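What follows is a pair of complexes built around chain A, which joins chain B in one and chain C in the other.
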Partner chain A sequence: MRKIETRHWTFLGLFVCIGLVMLINVTVDHPVSAQTQKMYDFIDSLPSGSVLIVSFDHEASSLPEIRPIALAILRHAFSRGHRLIGVALLSEGTAIGYRLMRKTAAEYGRKYGRDYVYLGFKPQYIAAILSMGESIPRTFPQDYLGRSYENLELLNGVRNYDDVAAVISITDGSLTTHWMEYGSARYGIRILSGMTAAMVTTFDPYVDSGQMYCLVAGLRGAAEYERLINYKGGGTRGMLAQTTAHLYVILLVVLGNVIYFKSRRKRTTR
Partner chain B sequence: MNRKIALVICFLFGLVMFLQYFSQHQVARSVNQAVLEYWQIIFAFTLLVGVASVIKSNVAQMRRGQDRSYRLVTLIGLVSMPLLALVWGIKADTPFMWVFENVQAPMQSTVFALLAFFVASASFRGFRARSVPAAILLLSALVILLSRSAVGSSLFPQLTGVADWIRNYPSMSARRAILIGIGLGSLTTSLRVVLGIERTWLGGRK
Partner chain C sequence: MTDPGTIIAGLLTLAIFSFLYRDNPIYKMAESLLIGVSIGYTLVIVWSSTLMDLLFKPFFCNEQYGLALPFILGLLMFGRFLPRTSSFSRIPIAVMIGSGAGVAIPVMLEARTLKQISATVTPLITESGFPDLSAIVVIVGVLTTLSYFYFSREHKGSLGISAKVGTYFLMIFFGATFGYTVMSRMSTFIGRMEFLLTEFLHLTG
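And then the complex of A and B:
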């Protein structure tokens, strides 16, 4: 039998911590950050019926973190009566995006073709972003379900980014950079984003310079957004587990350093 | 001769795409749209080349007896997914979507979730304040981590301000420097390719 090493105990500790808190139904209170508030205010301030593009630029691996963000934003947009166009610039996001839009649209009684459409995936994201700036119908002659662009009520009058209020990129990587570099810089479309917490520092310079209007970051961002729309979803539920994992990691760092300094002192006194 | 033709095509397209960027003329817009459409078509063909390469490489390795079972799984996945898509389509409630939602997505999420365990282990064994820079890094990481957790910002309200300062000044300065470096590097490389100075993309020979 293999010897149980220190790392195995750390793994077990994390598993027990997260497993236990998942069984407890406690809501963690947290303030709403300025960025999340800005996203909420923007969507809230748009006139009802405004057209927004929601781009699902993520893979399946980040779904537990991305899904609550996307659902919160979609719920808010649908509740305000906005019309949504879904696209995906990563193939894996295609099916996920369609499911999320269909689910939230059903919750608010929104009709496909009139209140929302899903155009699906287009390969080569830079070319797709630039091409949509010239002509969305030429880039997506058909929607995800194979219906012609002209036959979809929502899309009548939507030719390019000029007819869209903003693009919301739901991302787990740096793909939103291309939305800013090509969609925003070339065609002037406003870019907002919901992203994994790990990507925030990558986009901080863009938010600071105004190239990105605002962002909702990570599970905490999702929980903040859910608080604003008064909905308890995956973000709120996951916050306790995330907080526990953070505290566990902090504890391990402190413990590791205490052991390190003690052993160093022992070596010096010898 | 063949290399010269490729260089001329590259130069012409580089020049045309650069010039059209500044024009709103109908012809310029049409040229841009046509090039973008061809770009996507060419990309689709490069995917085919990639798939062929993966099959070739895996079959060759299997013949040599290297990791046969893993390579077989790769090839089965590579063949079965397009097959399911071709026969039943890729829309909702098709076998393709079932496999995606019940096999691929959970597997990817599982692998991604394993990161949390490795982070926990690494934080205990490797994140040590061995020097002053390491101590600064450690302290910054702890502040950011604590500020992102609900408990940290509730217990120490000033922590969010400190975390924001770290993100907005030291972190952002470093990030900006990297981005400017990448931007200048991309510009220089693009110019070298368009002007025919950089020719490695043709195959590496001079």
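And then the complex of A and C:
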């Protein structure tokens, strides 16, 4: 049997903290950030029936963080009666995107082909973004389920980005950069994004410069969005756990520093 | 009743978590399974949505014979596996780099340089006559950080002070990035814990 080390106690502490907090199942009140409010206001202000492209540009590994964000945005868009076109620029996000869209569409009684379609994965994301700017039917002659473009009612009036209100990129990496560089800069399509918290510092400069309209980030962003749409989902449920986890990390940082300075003082007095 | 997919997902999550104690065969099995399934899934998606939809179907069904050219270029890539034919792979690489650079350079220059510069250089005084602190911090941060990466002169005197201030801005950036990354990883962990407690163990609704 291996000796229990300090790091094992650290991990165990985190498990216990988060496990207990999640079992208590208490939600915490939190303010809504300006970015999340901006995303909500934009989707809310669009006329019902507007067409939005939702691009699932993430891998399966980030699903626990991405899922609440994507679900909150999809729920809001469907509840407002918008028509959604789903695409995936990373192969791993393909089936996930379809499942999320199907799940949320069913909650609001939306019909496939009329209210939403899923076009699936297209390789070479830069080529795909540029090609969609010229012609979406040529880029995706058929949808994820193999139905041809002409047989999908929603797509009848959609030729390219001119017929789309915005692109919402759900991402865990830098793919949204390509949406901005090629979709926004070249075709003028508005880019919004739901992303993992780790990507915020990468994309903040693009929000400041106006290249990206707004972003919703991490579990906190999901919780904020859920608050705006009045829905208690994974983001809201996870907020107390996240606060506890952060307090736990801060406590460990302080404790580590105290131990370090104490041991250093001991060494110098010797 | 819990469906088999949820049970498998729950057991695999626990298998991955077991690495926190130490490396073990159960973790290795779960890790290999993840890699195998990811690659297998990607191959299937690429086969169906790329080779079938973009090449074979249009070539054989719609008689788009011009697609033979990219197909041959793609095949030449495999020339790298043999020393005798490795030089052939330079042709598709040249095409990719040439077309890629041609498309990317103007766009990159516009999106990553010109627009970012224009967003940096904003008026330092607001319309009401007060200094715009945010704009001042941005411009000072950009200039001092750039001076830190100027290596043609020794970092002494005013350049040294500027570079030193630049390192503080860099440290703030790294700190913020690290903080967000911790937040992100915690969110992932919380997401899995929620799955385990609700869907797998049914301990909470």
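Here is the rule we use: the second predicted complex is superposed on the first by the 270 of 270 C-alpha atoms of A that agree within 3 Å, B and C clash if a C-alpha of one lies under 4 Å from a C-alpha of the other, contacts with A are read in each partner's own complex, and residues count from 1 in each chain.
As a working rule, a residue touches a chain if its C-beta (ideal position, glycine included) is under 8 Å from a C-beta of that chain, and two chains touch if they have at least 3 such contacts.
Every value quoted in this text rests on a predicted model; they were computed, and no experiment measured them.
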Exercise. When the two structures are overlaid on chain A, which partner does A:Y182 contact: first (chain B), second (chain C), both, or neither?
Worked result: second
Exercise. Of the two partner chains, chain B (first) and chain C (second), which one does A:K122 touch, if any: first, second, both, or neither?
Worked result: both
For this session: State whether A:Q242 touches chain B only (first), chain C only (second), both chains, or neither.
Result: both
Exercise. After lining up the shared chain so the two structures overlap, which partner does A:R67 touch, if you call chain B first and chain C second: first, second, both or neither?
Worked result: second
For this session: Kindly classify A:A106 by the partners it touches after superposition: chain B alone (first), chain C alone (second), both, or neither?
Result: neither
Exercise. If you stack the two complexes on chain A, which partner ends up touching A:N25: first (chain B), second (chain C), both, or neither?
Worked result: second
Exercise. So, A:D208: does it touch chain B (first), chain C (second), both, or neither?
Worked result: both
Exercise. After lining up the shared chain so the two structures overlap, which partner does A:G234 touch, if you call chain B first and chain C second: first, second, both or neither?
Worked result: second
Exercise. What residues on chain A does chain C touch that chain B touches too?
Worked result: 11, 14, 60-64, 92, 94-95, 122-123, 130, 186, 197, 200-201, 205, 208, 218, 220, 242, 245-246, 249
Seminar exercise, completed: Interface with chain A, chain B side, in the complex: residues 21, 29, 32-33, 36-37, 39-40, 43-44, 47, 90-92, 97, 100-101, 104-105, 108-109, 111-113, 116-117, 119-121, 123-125, 127-130, 138, 141-142, 145-146, 148-154, 160, 167-168, 171-172, 175-176, 179
For this session: Spell out the part of chain C that touches chain A in their complex, as residue ranges.
Result: 20-22, 38, 41-42, 45-46, 49-50, 53-54, 100, 103-104, 107-108, 110-112, 115-116, 118-119, 173, 176-177, 180-195, 197, 203-205
Exercise. Of all residues in chain A, which touch chain B in the complex?
Worked result: 6-7, 10-11, 13-15, 28-31, 59-64, 92, 94-96, 98-99, 102, 122-124, 127-128, 130-131, 134-135, 138, 144-146, 186, 197, 200-202, 204-205, 208, 218, 220, 239-240, 242-243, 245-250, 252-253, 255-257, 260-261
Exercise. Where on chain A does chain C make contact in their complex?
Worked result: 2, 8, 11, 14, 18-19, 22-23, 25, 60-65, 67-68, 91-92, 94-95, 120-123, 126, 130, 141-142, 180-182, 184-186, 196-201, 205, 208-211, 217-220, 234, 237-238, 241-242, 245-246, 249
